[in-house]
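To keep things clear, I will list the structure first and then write my remarks on it.
Per-chain residue numbering starts at 1, and chain names A, B, C and D are given in the order in which the chains are listed.
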Amino acid sequence: MINVLIVYTSHTGNTKKMAEIIAESATTAGATVLVRPAHEATNDELAAADAVVLGSPTYYGHSSGEMRHFIDHSVKLHGKLEGKVGAAFASSHNIGGGNETTILDLLHALLIHGMVIQGNSSGDHYGPVAIGAPDARATRQCEELGCRVVALAARLQRA
Amino acid sequence: MINVLIVYTSHTGNTKKMAEIIAESATTAGATVLVRPAHEATNDELAAADAVVLGSPTYYGHSSGEMRHFIDHSVKLHGKLEGKVGAAFASSHNIGGGNETTILDLLHALLIHGMVIQGNSSGDHYGPVAIGAPDARATRQCEELGCRVVALAARLQRA
Amino acid sequence: MINVLIVYTSHTGNTKKMAEIIAESATTAGATVLVRPAHEATNDELAAADAVVLGSPTYYGHSSGEMRHFIDHSVKLHGKLEGKVGAAFASSHNIGGGNETTILDLLHALLIHGMVIQGNSSGDHYGPVAIGAPDARATRQCEELGCRVVALAARLQRA
Amino acid sequence: MINVLIVYTSHTGNTKKMAEIIAESATTAGATVLVRPAHEATNDELAAADAVVLGSPTYYGHSSGEMRHFIDHSVKLHGKLEGKVGAAFASSHNIGGGNETTILDLLHALLIHGMVIQGNSSGDHYGPVAIGAPDARATRQCEELGCRVVALAARLQRA
């Protein structure tokens, strides 16, 4: 069994909606999924996860202060998250508005924890991005991410 | 008088079209503008410019090898481009397809040459991005960039 | 007269030390300098500055949650900081430990506010980085940054 | 059996030396390793690899034009490299000189090919960096990378 933790911050509800789509897809793929806003997520939940998916709106090109607080706090687990699967997603108001730098900000944190991440050769390469509310395209990206994360975590667990 | 050099690479013509829109806008703003494909642009042209605008399609999240060759070659001018104005633009096939990382790749090169760059608090923050051929939105971003680059170079020249 | 605002977060004191070196250099260059920890800095202070310098330790490859909270909060001034000078610096524990991504995180925020930033063709290209406490090399980078920021702000003010 | 392909460009020999250290470590870990300069590496070699490690000197904050040409050319394999293991390393002249942005440039390309990458919670987080010739610290980072890449590829192969 794969445990997926999805941590997000959301002001308008767009990022939360993305989190829910990813969660539904990961559940369908057979995982046990926990979806948590960043201010409620705990280090115990991080430690228990096989895969960690982080999502944030784009605030000045990066994830929100609330998300970075959650990440800063995860230092207490430093070294203990090595080898888990990580992934990220983001929403912003505009094309060219900082979506990619926000996702990469989250991926950097996951890499520094020693996690394993995978890109996507089709669609949104670094992770799903939505411009405003997730449209059909962004929804499909989120669905695919949920499935891919579970598949990768399952491969690593079997090994 | 402000001299603007616009250097681009383009496979499908989309990035070239963006270069031309920026050039027209910069010309309207009163500058003398030279538009050059990267494989023809010279270090003498770089040295003569008050403002340098680089544009590339998104190839694996970054500017093309051809553009990077042009940048690598500019090392012969290292230190001599300090204080010039720089800017960048990019096109890609998809949202989330590496547009922002491509623009930032170009901005990093300009910063390492000691150039002065300005972001944009509205629209495409790091520089104009087009998804496929430049649509009305991307065209407007390119027009605005041409104007802004000339305005900033003029401010710095007057000082 | 140039007003410089330096905003930092610091846990071990290393980033604070960098802020103080930059402040001293900017003061020597003729500016009025305000040095503020991020949790005390205000939007009024941001609005009053001609140049804004942000510094943070490297927490998981990016600036601290506290710094990002300060940046998130600056949205109330969105559009009003256009054309100000911006710069950034960072400290981390290790080479390859995320220093550059932290500085770029801060520069992205400044660009999205429409600010003007300048790279450095010698030394630390994106902004001063310290590995641990600022050594002679990092101190020199900080001194140079303080001077360069004031010079650029003065050029833009005269224009 | 794990096949590792290490592709590098090197002007001064520093990046080549890093490639050789990684190769030796990967060989010790049981892999068959091919080390190739970017202008000689082929798409067939890419297709045959279980793990791809890219290394470049830092030219204006990114990988060399030669490396980007190799990457651009790999588009003919697009979609066929999904799920392989990827990693990157870089050398530069200075701390703060663009090492991290160079490694991330390479990692972006690997992610866009759909590859699987892993960060490192200790040492150089995104991949080994050398300041000039690889010293004892950088050598250790390269040794560790060679071993980690083989271990991850083996896990994925077993699954």
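Everything that follows uses one rule, which is that contacts are C-beta pairs under 8 Å (C-beta built on N, C-alpha and C of every residue); 3 or more make two chains touch, one makes a residue touch a chain.
Everything numeric in this text was worked out from a predicted model, so none of it was measured.
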item: Higher-contact pair (C-beta pairs counted), A-B versus B-C; value: B-C
item: Most widely separated chain from chain D, with each centre as the mean of CA atoms; value: C
item: Separation of mean Cα positions, chain C and chain A [Å, integer]; value: 29
item: Where chain A and chain B are represented by their mean Cα positions, the distance between them in whole Å; value: 33
item: Euclidean distance of C-alpha centroids - chain B vs chain C, Å; value: 25
item: Residue list for chain D, restricted to those that touch at least two other chains; value: 61, 98, 101, 104, 108, 111-113, 125-126
item: Chain B contact footprint on chain D (complex, rising order); value: 59-72, 74-75, 98, 101, 105, 108-109, 111-113
item: Chain D to chain A touching residues, read off their complex; value: 78-79, 81-83, 104, 108, 110-122, 125-126, 152, 154-156, 158-159
item: Chain A residues touching chain B - in the complex, by the definition given at the top; value: 61, 94-101, 103-104, 123-129, 131, 137, 141
